[in-house]
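After this come two complexes, each holding chain A, first together with chain B and then together with chain C.
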Partner chain A sequence: MSPESLLQILVGGVAVGSIYALIAQGFYITHRTTLTLNFGQGDFLMLGAFLGLTLVKAGVPILFTALIVVAVLAALGVLLERVAIRPVGHLTLSWVLTTMGFGVIIQNVATAFWGKSSQSFPSLVGGKVVDVIRVAGVGIVVEELFIIIASILIMGGYLFLLNRTLTGKALAAVAFSRDTAALLGVDVRRMAILVYAIAAILAAVSGILVGPITSLHPFMGVKFAIKGFAAGIMGGFMSPVGIWVGGILLGIIELFSNLISSQFGDLYPFLIIILVLIFRPSGLFRDPTSR
Partner chain B sequence: MSSRMSAIGVVVFLFPALALGPGPAAQAQEVKIGIVQPLSGIPVIVDFGESYLQGNKLAVKEYNARGGYKGKPVQLVIYDDEGNPKRAVEVFTRLLTQDKVNVVIGTTNSGNVLAVMHLNQQNKIPLMAGPSIATPITKKFADQPKNYVFRCSMVEEFQVNALLDWATKKTRSIGLLHSTTGYGLFAKGEILKGLEARKVPPVVVESSNPGITDFTPQLLKFKEKNIEIILTFAEEWDIQFKNLVKIGYNPIMAGNWGMSSGKLRDIVGDDLLKNAVMGQALDLNEPKARAWDEKMRKEYGNKYHWPVIASFGYDAANLVLKAIDMAGPNPDEIRDALERIDNFDAVTTGVPKKPYAKDDHECVDQKDVFLGIWEKGKVVRLKQ
Partner chain C sequence: MSPLRPLVWIAVVVVLYVLPSALPTQYFTLLLQTAAYDTIVVVGLNLLVGFSGQISLGHAGFFAIGAYTTSLLTTSYGLSLWLTLPAAGAFAGAAGFLLALPAIRTKGLYLAMITVGFGFVVEILAQRWVDLTGGTMGIYAIPQPFGPVGYFYLVAGVAVALQLAMNHLTGSLWGKTLLALKGSEEAAQSVGIRVVRWKVVAFGVSAVYAGIGGAFFGHQNGYINSDSFTFGASLYYLVALVIGGVGSNYGPVVGTVFLAFITHFSAGLYEQRFFLLGGFLLFTLVFLPDGIVGTLEKWLKRRRETRLAPPEVEVDLARVLAAPANGHEGALLETAELTKHYAGVTAVERVALTIEPGTIHALIGPNGAGKTTFINLITGRIPADRGRVFYRGRHLDGLATPDRARLGIARTFQNLQLFPDLTVLENVLVGFHRHGEATLLEYALGLPRARRETARHTGQALALLSFLGISELAGLRATELAYGHQKLCELARALAVKPDIILLDEPVAGANRTEVDRIVQILGRLRAAGITILLVEHNMDFVMRISDRVSVLNFGEKIAEGTPEEVRANPQVIEAYLGHWGAADARR
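Coming up: the complex of A and B.
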């Protein structure tokens, strides 16, 4: 295969991996702080995409659309924390069921509003179905570029939030010990609400960016959530950088797997994840001794 | 989880009965048609089921508006098999043993039809299969004194033959892209067999797993080998067309009748479908088909988006209703009448006036299947 084609696949892998990384960052922030995560994160992404589609079709400019979708999803993230996480706590695994149930409700609501069929999200720029930027013979869809940039910006934003702000230190304190953090004056409940809102906002952003490069249907979130979770596992759920690298690696492995043998395209990524976990049970970027 | 729950409905069109009032009509035996389609689950499968059902419903609505069977409206008993063979067995059993329907129409997944059709054969209640397309469906009981399985749908072998005859005349640079679903693997087998018979082996064979998000690696392999026609039997056509633009590659994408869905056109637009060729049996350039298409648009608005599937559904229900008119409600006699139907006025271009015979339970034959292309928002016959 020509170097140009290999580079094309690499770029595609980075773009797909960036989607996984965005999903995984949503898992990471809630897991780090509350030891829980939203198993309906993919359904939040789907809802973000459908809401965005509806607003764009209604003629709302894309930036306003993004703001509205982010606000709605953030509110939904808060609601999720209040009804599906807080009542059951993190000490049992009930939150797995409640967050999955929340996701199923979203799927059903989406089916009722937008139907079961696939729908298309127009390109975020211009009027074409697909807008491609071509550099040295390698094409990249504009939204793929946006996703790659968004995944890097969000990773950077996380690093700033967690390491350079008081809120970040409060989140770290809650992650270390909820009781100790509470004794130190940290509002633990507010922190939990905050991280679920952040995770939902990430799903909103991902939904709007993913919409134009795939087709929308009420069950589209599941595949992204599974791969996002796998990316998080591979990265180790320890740092935003690890999560990002895990996502990108998964995307690249997935696309090159299809190059080697498309019949087993989904097999190799998970085989590699299993191998990673055998040799590094805590993931690629996690200190094996850490909690 | 309402979307996954069975959609169980009994649709009764009461208007004719009310209009006619009591009398001899009230004495007529009730006729029930069971319908099974996937109405929840994988979107593309649901699209097939819903589109076929739209055709069924309109045909029955018109029949009942004309007075129904001896003045009584024909009832539809509709179940959702969720595209799941186990569920299909459950609902078919229920239709045949509890609901006591006179005839059954359905379903989309060929695997489901193959899993349930012995029930119809054993209970001697005719099955009008559709829009399932696996080749062997009507042949399984062909050696028995009475075969209760009919079909009004595309047949995979016919559309594959039409595609291969055309493609192999056009070029020897042919590639195959198929999914790893049951259908994709079945199609792969039929295509490889067909290409071998035509002595034109595929240059590249690629596959894709369900839920794939990017076809770039597979499509680049076709591009590197300068493949001119890709026979695509992987269902995520929208992603394929978008990826082709990304990699700057413009082959002919030839596939099954699924590519004639208005949903695909909504997603990728006319421009990307310029090089799409598909198996087809409805030519919307024909006046009769166009008039019926208008009627469907009026009836279902923007929920109607797949004319060829709906037209087969419409013809399937009309064939069943014609057999009921000819033979009455007895299932065994309905079966016999289906084989005798002559002078049938089908909407689907390929369905002949005498669709069935004792040894032919397919409503279309090889000669009735042609290739379609998108032209001005409609799928019309490809002129060869």
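Coming up: the complex of A and C.
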């Protein structure tokens, strides 16, 4: 393999890995704050992608498309919290089933609107999806570069929100102790709604970003949810940055393993989850003895 | 058991026998077959979700393994159905075991996620490993024995047998053990239950049921392909379980039959089936969380609230509590240099403590002195940073809480940890865990050893409750009791371990004077019966009355030790409790 194609694969891996990391951040932020998460997160992503596709095809500029999709999905995230999380609480595993149920309803709605066959998304940056720019003599797919840059920006905003704002501190307080946070005047219920909206927005953005480099299908969500989860497990589900690194690693591993055998390509993230759980149950980056 | 029980089962058999002729078309016979093997799957799923408190979103994967196992073995190797059926269960069970083992050690949620991935992986393999599974083309010419009606009888017969076995399991001590660890893993470990092992076994058994169900699917049409084992199928089983009632014995069959007929009558809505399934899930979980059967059961139970009132018996404590003899002489429990820090905060600092057998040893100290942490270090709930715990002269390094409980170290909790799904009697029964010998199979089949064991433990549990004066509460749910009674129930559960030493975390907190007197009496009798007691308590009056020896912790360090009188007079202790001026006052 030439060094050039090696680099191309690397960039592609970082691009899809960034998507997995964004999905995992949605899992992380909701679970940390509410002890629940959305098992239909992948379906949210799918819906975001299809909505984006429809709007772009209708000639809406990409920026407006993104804004509209984000708004719709955020509202859906709030609805999810209201109908599938709050009524059942976090004490039993009922929320796993209710969020799952919500997800398959979205799948069914998507099938009704967009049919069951695969569709493809136009490029987000204009031109063709496969357009390549030359950086220091190496050809890099523009679309993938765009994903990487966009996800860095989103992660920046996300980290800023978590670490530098009062809201972020309130979220951390709820994660540490719901009761104490509530006593200190943090509106725990509003925080739950907020994190579900944030998770849905992350899914919306990932859906639009991933659109051009994958084929769209109402049942595509599960695959992304599993990979997002694998990314989170690799990162140990303890810090946003660890999860980010985990996602990117997963993306790179996936693209390289596809080179070797594409027939069972989707199995690798699953194998990785199992291996990580056996040998490094607290993630790749944390010392397993410290808790 | 009620005398009507055999009649009910005869009626069930008659109904099953008549059904195919009552619904005479071949179509309905197939529908009945489907309902029968789906019931097997859902009964197994119920064990997992309703009793062990786990969840599987990939049961179609085990179903598929069962279907492919029997299909391949009968078509390629010509094996008989009677061999391939158990093989299907075994293969699926093994897969469940391997899947659960790494995941359960970490978090329950991880397992749930991994089951999603597992179902997905099986789907991919079924589709793309064409050499083995035939992919979407599938496997043809799978034997279809006994004709449609005969085959229904076979599937229904196995379903009834597996339902009966499950009833035995869930109704027995085995099932109560699962419910216990579902309710409180910490308390379950404190009586010696190896929680991880039990969860994995429950997962495996559940997968066996799914595999057998899948095998029957394989022989139903003589043809299978990869389209049948999708995520939607896994979801279908969960919906059936939730509608019927999670955790009730007959929820699975009711839910499955209900859903089978709903699906039948809404065949025109095939394209909307996910909408229906998702809607059912959301609706049932939010508005009818106990499902059809669970709601009925609750309603019936309210009408005939049973109170068990066994006679008060004179209890030979020494007999009930007799633990296996041991040859060790000298201190029962010792700690050396025991240390625990939390992110720079000292909880326990180099504490050396010696507890002599047959004594009541009190551990006192101001709030935050590290007393509860000390107990948690002894039981192995939290790992020590440094130092060791010696029990009968042997160090306990590397032993987890259940292992330590099995050596005879029992405890109660400061914030009560009763098993909420169980009655008072059952809470105590689970306490006998380490003395149980009967196996899963013996419980499933209701064999003599399992029955004898249950009878013996029940007798001893009632004796313990009687000794503590709460035997008339035996039939109530533990969480329905008043606070003081809950504490006694916890004590009874800890005594059921037949411990050499029992660690009591604030046994008289919140008790009035009469209750305190009673506990003084109880602890005195336990000491007389040879049980060693380490107690953490703030009620000084109580401590001084009952203790043989008192140790004082302050900021994690042991600052004094001696008889109650010596400790009471110790200026350092007075200072720790009352501050420097208080100490000066006391000296004056």
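In this section, the second predicted complex is superposed on the first by the 256 of 291 C-alpha atoms of A that agree within 3 Å, B and C clash if a C-alpha of one lies under 4 Å from a C-alpha of the other, contacts with A are read in each partner's own complex, and residues count from 1 in each chain.
In this section, a contact is a pair of C-beta atoms (placed from the backbone, for glycine too) under 8 Å apart; a residue touches a chain by one contact, two chains touch by 3 or more.
It should be emphasised that the depicted structure is a prediction, and the values quoted were computed from it without experimental measurement.
**Q** With both complexes superposed on chain A, which partner does A:Thr180 reach: first (chain B), second (chain C), both or neither?
**A** Neither partner.
**Q** Who does A:Asp266 touch here: chain B (first), chain C (second), both, or neither?
**A** both
**Q** For A:Thr165, using the defined touch cut-off, is the partner it touches chain B, chain C, both, or neither? Pick first, second, both or neither.
**A** neither
**Q** Scan A:Ser120 for contacts with chain B and chain C and give back first, second, both or neither.
**A** first
**Q** Considering only touches as defined above, state whether A:Val16 meets chain B (first), chain C (second), both or neither.
**A** A:Val16: touches chain B, not chain C.
**Q** A:Thr214 in the overlay: touching chain B, chain C, both, or neither? Say first, second, both or neither.
**A** first
**Q** Give one of first, second, both or neither to describe whether A:Ser94 is in contact with chain B, with chain C, with both, or with none.
**A** second
**Q** Starting from the residues of chain A touching chain B, keep only those that also touch chain C in the other complex, and list them.
**A** 104, 107-108, 111-112, 219, 223, 263, 266
**Q** What residues on chain A touch chain C, complex-wise?
**A** 31, 37, 39, 83-84, 87-88, 92-94, 96-98, 100-105, 107-109, 111-112, 219, 222-223, 225-226, 229-230, 233, 263-264, 266-267, 269-270, 273-274, 277-278, 281-282
**Q** In the complex, go through chain A and note every residue touching chain B.
**A** 1-2, 5, 8-9, 12, 15-16, 19, 104, 107-108, 111-112, 115-120, 129-130, 132, 134, 137, 139-141, 213-215, 217-219, 223, 254-256, 258-259, 262-263, 265-266
**Q** Which of the residues in chain B come into contact with chain A in the complex?
**A** 1-3, 40-44, 46-47, 50, 180, 206-209, 211-214, 216-218, 220-221, 223-224, 236, 238-239, 242, 245-248, 263, 266-269, 271-272, 303, 305
**Q** For the complex, give me every residue of chain C touching chain A.
**A** Contacts found on chain C: 49, 53-55, 57, 102-103, 105-106, 108-110, 112-114, 116-118, 120-121, 124-125, 128-129, 231-232, 235, 238, 242, 271-275, 277-282, 285-286, 289.
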